[in-house]
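First chain A sits with chain B, and in the next complex the same chain sits with chain C.
Coming up: the complex of A and B.
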């Protein structure tokens, strides 16, 4: 390595954007560490579900959060802010967001054939890796004796979600190798939010499924991964409406995130992107899909759960009020000392009387709840969700590569759909060569889970 | 309106002498082309035809002195380490004699090399994706 190269590397490390030029930079290392932990915990939970070791949703969510805490404590000892970036949630069947029960007795017990969406997130020093995966839990016949794949609308949904995610990852990856020649173009058009929207909507149309509001493909930055309470500027990508009940509208051109997201700005090398795609089955006519907003689930069908209360909250740092209630004041102190801009689970608070305090804080809008959202319909629609974090790693020497931090390496459930992708461009993106994009997957490690560890976390 | 015959007004001769003195000073400084030739600045960084400022020429002078102290000289606008070999280690050892920030950079890189090895354990290259045929199939039959 020549002197000049060292100097160049040193200068660029200071800049967050350009720091993703190689895997050796400290920022990339933190991203990778977060991705590895997220991937390891997800793989562990998937095994627990498929091998029927755990059926109670509370157990699974609790194990997930405890493992994230344990694993993050082992790395980067000098970093204070690290841990859960998104509490583990298990959204089952027509539930789309936010189910993580508060106690064991009232929690849902998984039954045969449930569609389970496991979501979690890890951050180290604000560098975040979020992941979601959909699987069919406990098939009615033992897995080893399964002779044919699952078919029907459920299979369409899972296929579409998987393929849309993979296609978007490849599309974003094309900005790397074509960057020097064509300035981030794929097929003579820039890779931006609008392009991403076309790809996802084309896949959804091919498989006759609808897009759930709250889905988004966007650039993420340190600490900023699309929390409801954070007002961001300079957001790139595309968002299909908002899942937040207050911000949700039926008009696809409206919504909070829509207003501030720049759909024209092209993706660039050296950025981190979050791909969060959620699609749901659709029992209406195929012609309905071609109407305005036909591809998106409407507000009438997406509703908060009638009985389940929110258990996940996010601190809104824009609001500060002095609270009358003692428990609210002590919760606020704990949040300021131990929590960050990321969502937290009610169970993770140690203050006595935390639920009461949090309720008071919600009333004065200092913390925002994550409502448990359900899609209603007859027959009940089923939603699938895939979420992954990628780094568009440009390289000084070679062509760049996409580093997929999480969400790879887990075999999807065995499903067969009668539909297929017809768009030529998407087929190229989904082919084995992935339109020439180099992809690196971060693999999880086998976690040594000792039962005592998990229980210890519970007491603490 | 001030009088043109003000006693405080400098005389023409004084003005001219000052002008010529500053002209000489400017001429004594390196101009852009000379600076490129001397290898103080890289050719492509000078895109204008302006004369180097006094501040910049002082900076360049100083940088050249520092580089010389570190055993690095400038040949044709490129930084070359004295006694350089084809062997990369030799270069590194030369640099380690340099400034404290350079040392820190090298230390950090050595640290990353170790962490990088650990990362490589978890990295695999895979391009697997289920392609379409008659309909689409994901996953596969469970392994027995």
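Coming up: the complex of A and C.
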């Protein structure tokens, strides 16, 4: 399949807010700025973890949020809404999402060999960049002295996640180019949710891992990045389990999913997409590769943590109630005035009595909690997660390119898996040429962090 | 002419035939009368009371009475008749001279004798005119008044007169009342206006209102006297007299010797002679050089010293200046920016509305994108609605039917159940 690199016109999508014409357009610049900050903070945190400077999860999360705030405050002074789009969470081993401790004393301390998934998100004026990276918390020996790569199911997991993400990014990038075959698409088929699903599931199958419900590849818009409380109408892409992880059921063909997401609609140039793939080993799971579930982890095994209470919340703006509790009222005022539509961490609220107020708000369903989800099993399965945001940038002047806002440039953990990808298409997507897709990676900058400042600063 | 003959006949007859008290005819000579029923005012006597009574009703007698009032000796019937003749001639001549068309007068409007006078059907005024020859200076006004009356002819009782002719007549018959004369009575010997005013206040009860603010006293007095003397109008009510005397009589009799000051119109009538500007509140200024501020209540250089009332006028704030909105529903307090609303709108002021929060961009986007909102605007399918409703109705009917059917068998028990044993 040869490729004609034809200039693709800057087609405007239905949502002209996301018209990413070129890297110079103001919207693109905001995305890039957000991506840069996310990347910078992520690499900083990864370095902290790998160089064993930080072991307390609370420290890491707190640092992450503070850095994001600092960096976003430095840029775009006239923009009101900017900052943390997803509070820094550190999910360990079989924890899938949502762990960010409130206080230092009760926080988890990293131990050797933990599979750590650092997730965070940055937004400027609603233009979001979300990123996640999986790494193994190494033993106390320095990495250079690591003799051999990690192997085993852990390796399979991490490899598969990484490769799946890369493949999907390349696939989405092919939308920008016109191929010589009849339909002009890569592989003669449009790039839509179904196609994405095939690729991910193929990779998962090759590496003998399962897809964790809650993974999704979807198109995002300004302010709408798949928050729990937002029930968007026109969503493109594919989601395993459910759009809303809280409302997941066992049946992957659940009607809710079909209503919520349009898996047939193809990706188009000028869009921003969120690739969030989470795969887990199923050694501890009852091996149910039945047709019903397929490659998806059963819903029954994905459960909220027994002890850990949710610390991350999202305001549901569709509900407006007047609260009786005074602290609830003041928290609500703070949320409406200072917080945006993204999830926030409990520690970021400055009103006194915030936990009580938030609890009341959760009761009235004005605020939705992000529960800490774990995959049950014995031995506990291990999940890996990779999340990036990409822009499908098309321009009249330049040849279209995929801008990977964050998630690149960080050295993956040294793992070696015995499995490999078998599908030809996927091999082509994963090759260096990437089936002709030009990929631009936004690199992070060195953050000059003064440790004392960061630790003492309150997250605004 | 016939009247004269009638008179002479009457006189002759009466002089000739006399009746004594007992009713017997008594013959007597002409001038030696055995007058048992006399009229002292005229100096005549009558044999019968009827004749006396008839005499009392005549113009001649009346004229003699007037003469008596004017301290003149009575005249005989013949002389009276002559004078009447003269008067009629003079009137006819004058009438020819003057305008013929508009000479209709109201005759005897107010002074008409209750009983019709068969004899002299002359206007009572004409009797006055007869006195003219005597040229005695009666109360001054009467003299001139008489002159004007002479100009009037004897006319029928025409009620309608043009206003112009009325004014003309009034002007002609106007008596020049000196300033220091009393308006209401004939007293004239006052030194100046104040004296006459004092007399009027003391004797007639005339009180000048708002004396403090009166500027032009002489003008006011002149106005009032003109009103009475020229217009013959009562000061207090709407009575218009035929002459100065008549209106004077009216005012004295009805105690209308006062200046009306109750209604606004009354006050306006004599407002020219007053100056109330010293009673206005301090610092009252009409800011004429302010243009209507179209851009709301606050003007750029508004320092709160003036209040923009909805009519566009600016009024200066003062300590006592409460500015009322033209609608009457808003009061601007002095010296502050507060505006008080009227109590009739209290229920609206008491409303406590939910504060509308302005949504920020993120919130707006999220709410707009949320499917919950959009699904609500999906239109309902009327056919589907009808079908579902029909379904519900059918189901409900079926249930009702089943219940009713059951009722027939509900008491039918296959086996006997003893209540004591728990049936």
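Just a few scattered comments:
Please note the rule applied: the second predicted complex is superposed on the first by the 414 of 460 C-alpha atoms of A that agree within 3 Å, B and C clash if a C-alpha of one lies under 4 Å from a C-alpha of the other, contacts with A are read in each partner's own complex, and residues count from 1 in each chain.
Just so we're on the same page, a residue touches a chain if its C-beta (ideal position, glycine included) is under 8 Å from a C-beta of that chain, and two chains touch if they have at least 3 such contacts.
Given the structure is predicted, the values throughout are model-derived calculations rather than measurements.
When both complexes are superposed on chain A, chain B and chain C end up sitting side by side without clashing. Once chain A of one complex is fitted onto chain A of the other, the partner contacts of A:440 are limited to chain B, with no touch recorded for chain C.
Within the superposed three-chain model, A:32 lies in touch with chain B and out of touch with chain C [touch as defined at top]. By the touch criterion defined above, A:232 lies against chain C but remains apart from chain B after alignment on the C-alpha atoms of chain A. In the superposition on chain A, contact is made by A:159 with chain B only, not with chain C. Of the two partner chains, chain B is the only one touched by A:413; chain C is not. Judged by the touch definition given at the top, the superposed model places A:336 against chain C, while chain B stays out of reach.
Looking at the superposition, the partner that touches the larger set of chain A residues, chain B or chain C, turns out to be B.
Of the two partner chains placed by superposition, A:215 touches none, neither chain B nor chain C.
The superposition-derived angle at chain A (between chain B and chain C) is 60°, Cα centres, a multiple of 10.
With chain A fitted onto itself, chain B and chain C come no nearer than 23 Å, counting C-alpha atoms only. Touching of chain A by both chain B and chain C, each in its own complex, is seen for no residue at all.
Listing the residues of chain A that touch chain B in their complex gives 1-4, 6, 9-10, 23-26, 29, 32, 36, 143-144, 146-147, 149, 155, 158-159, 162-163, 166, 408-409, 411-421, 427, 430-434, 438-445. Residues 72, 79, 81, 88, 91-92, 95, 101-102, 105-106, 109, 112-113, 115-116, 119, 122-129, 131-142, 144 of chain B touch chain A in their complex.
Interface residues of chain A facing chain C in the complex, by the touch rule stated above, are 80-81, 125-126, 221-224, 227, 229-233, 260, 317-318, 322, 336, 340-342. Listing the residues of chain C that touch chain A in their complex gives 354, 357, 360-363, 365-367, 369-374.
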